[in-house]
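Reading through the structure tokens given below for one structure.
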Amino acid sequence: MAIPREKISHRVRAQEKIGLPPGTLVHIGERKTEKVKITIIDYDPKNYQEKEVEKVEECFPFKDKPTVTWINIDGLQKVGIIEKIGAHFGIHPLVLEDILHTGQRPKAEDLGDYLFIVLRMLYHDEREDVMIGEQVSLLLGPNYVISFQEREGDIFNPVRERIKNSRGRIRKGGADYLAYTLLDAIVDHYFVILEKMGEKIESLEEELVTNPTPETLQTIHILKKELIFLRKSVWPLREVINSLERGESPLITEPTGIYLRDVYDHTIQVIDTIETYRDMVTGMLDIYLSSLSNRMNEVMKVLTIIATIFIPLTFIAGIYGMNFKFMPELEWHWGYPMALIVMLLVVGSMFIYFRRKKWL
Amino acid sequence: MAIPREKISHRVRAQEKIGLPPGTLVHIGERKTEKVKITIIDYDPKNYQEKEVEKVEECFPFKDKPTVTWINIDGLQKVGIIEKIGAHFGIHPLVLEDILHTGQRPKAEDLGDYLFIVLRMLYHDEREDVMIGEQVSLLLGPNYVISFQEREGDIFNPVRERIKNSRGRIRKGGADYLAYTLLDAIVDHYFVILEKMGEKIESLEEELVTNPTPETLQTIHILKKELIFLRKSVWPLREVINSLERGESPLITEPTGIYLRDVYDHTIQVIDTIETYRDMVTGMLDIYLSSLSNRMNEVMKVLTIIATIFIPLTFIAGIYGMNFKFMPELEWHWGYPMALIVMLLVVGSMFIYFRRKKWL
Amino acid sequence: MAIPREKISHRVRAQEKIGLPPGTLVHIGERKTEKVKITIIDYDPKNYQEKEVEKVEECFPFKDKPTVTWINIDGLQKVGIIEKIGAHFGIHPLVLEDILHTGQRPKAEDLGDYLFIVLRMLYHDEREDVMIGEQVSLLLGPNYVISFQEREGDIFNPVRERIKNSRGRIRKGGADYLAYTLLDAIVDHYFVILEKMGEKIESLEEELVTNPTPETLQTIHILKKELIFLRKSVWPLREVINSLERGESPLITEPTGIYLRDVYDHTIQVIDTIETYRDMVTGMLDIYLSSLSNRMNEVMKVLTIIATIFIPLTFIAGIYGMNFKFMPELEWHWGYPMALIVMLLVVGSMFIYFRRKKWL
Amino acid sequence: MAIPREKISHRVRAQEKIGLPPGTLVHIGERKTEKVKITIIDYDPKNYQEKEVEKVEECFPFKDKPTVTWINIDGLQKVGIIEKIGAHFGIHPLVLEDILHTGQRPKAEDLGDYLFIVLRMLYHDEREDVMIGEQVSLLLGPNYVISFQEREGDIFNPVRERIKNSRGRIRKGGADYLAYTLLDAIVDHYFVILEKMGEKIESLEEELVTNPTPETLQTIHILKKELIFLRKSVWPLREVINSLERGESPLITEPTGIYLRDVYDHTIQVIDTIETYRDMVTGMLDIYLSSLSNRMNEVMKVLTIIATIFIPLTFIAGIYGMNFKFMPELEWHWGYPMALIVMLLVVGSMFIYFRRKKWL
Amino acid sequence: MAIPREKISHRVRAQEKIGLPPGTLVHIGERKTEKVKITIIDYDPKNYQEKEVEKVEECFPFKDKPTVTWINIDGLQKVGIIEKIGAHFGIHPLVLEDILHTGQRPKAEDLGDYLFIVLRMLYHDEREDVMIGEQVSLLLGPNYVISFQEREGDIFNPVRERIKNSRGRIRKGGADYLAYTLLDAIVDHYFVILEKMGEKIESLEEELVTNPTPETLQTIHILKKELIFLRKSVWPLREVINSLERGESPLITEPTGIYLRDVYDHTIQVIDTIETYRDMVTGMLDIYLSSLSNRMNEVMKVLTIIATIFIPLTFIAGIYGMNFKFMPELEWHWGYPMALIVMLLVVGSMFIYFRRKKWL
């Protein structure tokens, strides 16, 4: 799991945009898919219709039908499509710009006829062990929801299934309930990301205790950066959903408000967990640093024990290696054993000293 | 005392839930007990009745009796029971979901006919020295309280005793007073957890001063994590009880409001103590780290003293171990004693030097 | 000065309380005095009466007299006394419980007929160099103040003197002015505690610079804990006095409000100073840690200088201590002096090197 | 990229100002350009006129024309020009003072007839790798915008181009839309600065992992200071734009308000990124410090391995270098090989020890 | 620049005050001047009068004159003077107490007939390089300003000059404008203090990079304490001036409100700069600590290089210093040069090793 690349490419393109008038539609962000895929799901409690269309114009008739219509667009690189939708549904140019300019902070804006919601969808790419972030934009009108994704994903699939199979109250709910369902699917997916992180933290903690290496520090650092990134993505969502839930817009009916409160609770839980993880990762850094100190201590002890035992011995040997003519000990018959005994005594006393210091 | 296991198992099951429509009733969380136990306590100032029932339907007649009824359900694994209660008492599906989906953040929701309160009950498992968290959900209606616990516990026993023996004003109070009593019992129990922690901190502090080991650091780290967990459980409760106390719901009468203020005060006290403990544990880490440095200093001093005393001596011995043909000192009669005296002088001056440096 | 013992004993007794109905009167906290002392001071601008009574019932007639009455109770262990006062003056059972359950967070509660104020009185026990905390509870009625202390103290003595001697406007003021005067006396005493701390911090700073020892760290740690404790005692007081000053209760007249604003200013000043001290103590820890590093550096330098000077010398001596048959230098007449000169050159160049490194 | 010099020169001149009455016009700040350049752009949807004037009086007639007029002044050193504009357009002396006194905190003030907006324009001087800050002041009247810059810059060029070429809705917008466009140009440019920083952080992270040097620390420190500076420049802007957007002034029309919300979002995004960078830089410091410890550990290990292997060997050699008359080993025929074998055994056991410690 | 002494002396005297009734006038604080100096400046747009008076009673007639009167009192030790002014101008005893009890937190109080403003004047004593704090109290009535200083200073001199020379609009403004001018003079002087600090920080940064010593740490610590002190003095001022500016008191006219907003902006700027300095000083501590580690690393490297080169060499010399009878190498004709060559090889390989480690 590494920090998503998209941020960098986003940064590089930001410069190209500078100097253009506001509302100029240019797609800023990585081109993540080749083809733009447009799917329409149209339903009421009794009927259900799903189709993939080639031309964006095929969506337009659904605007004025009484049924609930969900138009989903995967891929933002064809600016023309966005422009046409904007023109037909009467979307403000700045909103269209925000849809294309991926890298927005999560926000919800009430533009009278429709609500504009931006948030970040996060998933974990198993193959490369990378956390991937993607901008999802929702336009909620009286009887339609238009969703824009940067690439095809499978997070909305269960929602599609539920509509198709008429499970839950989704077919009876209006467009606002559909928008809630989409929000809920995205927020629910955060828990999967959190789980991955939780597992990483747990394995890191074990690594820290058993065998910390400089790579452990690297991993802690990367985890910390991922949490910073995650927090930046989720933190503003709290305010977004709260503003929706307060039900100031007539587009959101009261029963849906209760469901939004549920999403709000989940968002808070995600934020709580992120904060907890941050605290834990910070604690891990402290442990890592003190394990470094501990290891240094151990190294120093070995050196000190060896040196303090042998340096005096070597000195004694040195004494009797001197070439003075008159050194009575050298002549003694038991001189050599005596010297050895003296050395043994030195070793013994050192040993006792270290024991008392609890170094051995 | 270690971090509760439940969090992990909860996380793992979270994935299973993803994709289901909201309000789908699935029990998420560890299955903590084998049998689901349903007990009914029904009372008014004069009468008292307690029974354990097998079938949940036996609870239903109590809904419309004027007496106060407390239905307590231990064990959440039988979703059917929760569903039936929900249907009979008119509980919103999202509320039922929250009851089953243990791991909720403490919250209170006013749903018109009834209040829904979730909080965490914490106890300390003496055998395994583990802090255990459990979700308790309360439904407070006009004349009933339904409480859901994950397993059988003894925290509510004193409340049962009090109702039975008609101690305090509990038999005269309404359902709201009963709900308050249950909240109070849970919050009071937090103090027991805090005491355990206080004892651990005290013994850790002593350990730190007398004999810090890498295990001490581990313990500090675990304590820190427990405090993070505890804080996460208690912090939102402040807002929960405050919202109840403000008395916006007609279900909570004014006299009970005063009692809730008391619980509120206790919650604040618990939070205060948690913060104090956090500050103390952080301080302990600083002490641990500097005790490491101190020990390193001591090791280094021993090495330095031994080395700086013997290295020059060994050098002198080395000089007179040289085999030059013409070394006048070697021929001197007093050469050897002189060399020894020079060595003694070196040792002496070193000794004085170390004394002045306060290393000895 | 060490952390007050009372907290611990309080904790231990907390458990005994669990399970009792709210409002059950049990004294929780250390029993700090043997005898319960009840004193009554009754005055109006013209008359003054002070007496110590044996039986609590003697206080009761004062309730309905138009004069201002101050009933002071030192010692809380006789629950009966508190109960009788509660019954006669119409005090809510929860308030009585809070009075007995010492260890409350400072708070003010408006109960209609009377105000209930709890705060912590702090003094410094000179003999044991311990900071002592004690709970003081005040009940302010229309024409009476009842104060509860855990033990006899001398902080209220100047107030007694002032009433007796009719100094200041106290005899003209009502019961609210008396309550203000008691609050003021307690808050003023915080400054004495702060002074003690200031002195400790100053002497610690000097110690840090001249001769830091592991004991210095211990002292910093204790100081930090005392500041945490002090902060916990004073911080909520700010809100307490602010709520009194806002004058929502008719029991507090407007002129007294201005005086309370003065106490409020003092509280803010106390909090400011505590925060400043915290910042200073944190800074001291940094200095201590870096002084450890400095000392280590110094030790290492000594070792390095000695070792790097003598190791090469010993090597040279070693060379000429070898027993090869054919070593021309050994035969030279000036071989020995030359070896010595080489050694001197080595020492000289090392010396220059260390000078350049600024180690000498 | 280093910290801008302007702050220092600003500080030095601050003293000169002290004692002058408020509203005295003195230019405080570096003189950044030689000539003061005044350009006028006057336009309505149909007409467009741009000219550079020598005398400030030439601007005056535009005040009462119905067209939108943008007067841009590069260079603040000629106080007379500012004074004349102030007199003709009825600008408050304090506003004029703020324009001249560069180093203002970003702010917006509603002075009835006109709005006064101060903010900081930041660019990156490629040649000297320095981040440069400059104060831009805007006066927004009913049909004019007067902008004051400290020196000529090219950030407003695209805006000029857009007016000239009538791109976007700028020619149709009023003076408020022009002011928004200028704000937008400045805020957009912050992203360029952030990109530069992002690149620096990325290259620093790589440096940290591969080859950290004391210069790395210096760079981290400079980066940190730049972020502090940047934050100080941008943080207040949030409040400024928010206050404009709330549309309390009739000078700002509602459609422009929506555009200002867009600038507001960008500002929040800039602030978010700054905070993220701060977190990342802090994390880098931790890594740097622990890489120092790691390197120390490595150095110590080498020393310890060498010393613990050779010190015992040297001791053995020392033993047999002693000159005792009676040392049987010396006489043995296989004494020398045996000694060597003993030494090899010592080396071997040491080697095994280090392997087990994972030092080799 | 060291921490002001006044705080300590203030602390010591605080105890003397305890027990006195509120409103008792005792001067608490250092006696900073010998003589109390009272000056009166009385003016309207046309007339101007300045005199130094001996007796405080000479001020009284000015109270009811329509002209603006500024009474300035330097020195607070004569309580009688303050008392008489209090009596004549109808000042509340608590206000008088606050004037005398120097060490107040900056605050503004609206007492109906007059405003009471306390703030701290700070200057830098060049001779002793000490930052000096002094309490300035202002009483603003309908047509008078009374200012109390602890000692004579020259910060108000420019204001006097301006009134005398009728510069700026001061002679046309009322008493509120005069009060503003005094506030402005004090706040402007903070910038001088900040400049001094800025210079110190810059020189410290250079010192840190070139030659950090334990004294550098001391200086950082002192700087940090000065910033804490400065912050404590300025932070509350923000709220003070904000409350004045909001213009709730009829004593402050609307035009003066605009000028106060200017002072408010300056205060925010001062606070911003203090925060920036705090961040910078914190960063310096990190650099200092890591420079310590760096230096240790360097010392260790020197030791390690010397030791690892010479220890093996000395061992080789030791081998051939052994006295075994049968050591073939000793007999070889080229034995000695060979030994030297082996040693050279060891040195060479060590050298290559250290190069590869980048230690040389």
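The letters A, B, C, D and E name the chains in turn, as written, and every chain counts its residues from 1.
In this section, contacts are C-beta pairs under 8 Å (C-beta built on N, C-alpha and C of every residue); 3 or more make two chains touch, one makes a residue touch a chain.
Computed from a predicted structure; not experimentally measured.
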Legend entry - Smallest count of steps, each to a touching chain, taking chain A to chain C: 2
Legend entry - Partner chains that chain B and chain D have in common: A
Inset, instruction - Determine the set of chains touching chain A that also touch chain D. - result: none
Inset, instruction - Could you label the chain D-chain E interface same or different, taking same to mean over half of its residue numbers are used by both chains? - result: different
Legend entry - Angle, in degrees to the nearest 5, of the Cα rotation that carries chain C onto chain D: 145
Inset, instruction - Averaging only over C-alpha atoms, locate the centres of chain C and chain E and give their separation in whole Å. - result: 26
Inset, instruction - Let me have the rounded angstrom distance from the C-alpha centre of chain A over to the C-alpha centre of chain E, please. - result: 43
Inset, instruction - Note the residues in chain E that touch 2 or more other chains, in rising order. - result: 289, 293, 296, 300, 303, 307, 311, 314, 318, 321-323, 327
Legend entry - Ring topology as an ordered chain list, initiated at chain D and continued via chain E: D, E, C, B, A
Legend entry - Of all residues in chain E, those that touch chain C in their complex: 8, 11-12, 14-15, 17-24, 92, 94, 97-98, 103-105, 107, 109, 211, 214, 217-218, 221, 224-225, 228-229, 232, 285, 288-289, 292-293, 295-296, 299-300, 302-303, 306-307, 310-311, 313-314, 317-318, 320-323, 327, 329-336, 339
Inset, instruction - Please give the residue numbers of chain D that touch chain A in the complex, ascending. - result: 157-158, 161-162, 167-170, 181, 184-185, 188-189, 191-192, 194-195, 198, 202, 209, 258-259, 261-262, 265, 268-269, 272, 276, 279-280, 283, 286-287, 289-291, 293-294, 296-297, 300-301, 303-304, 307-308, 311-312, 314-315, 318-319, 321-327, 357, 359
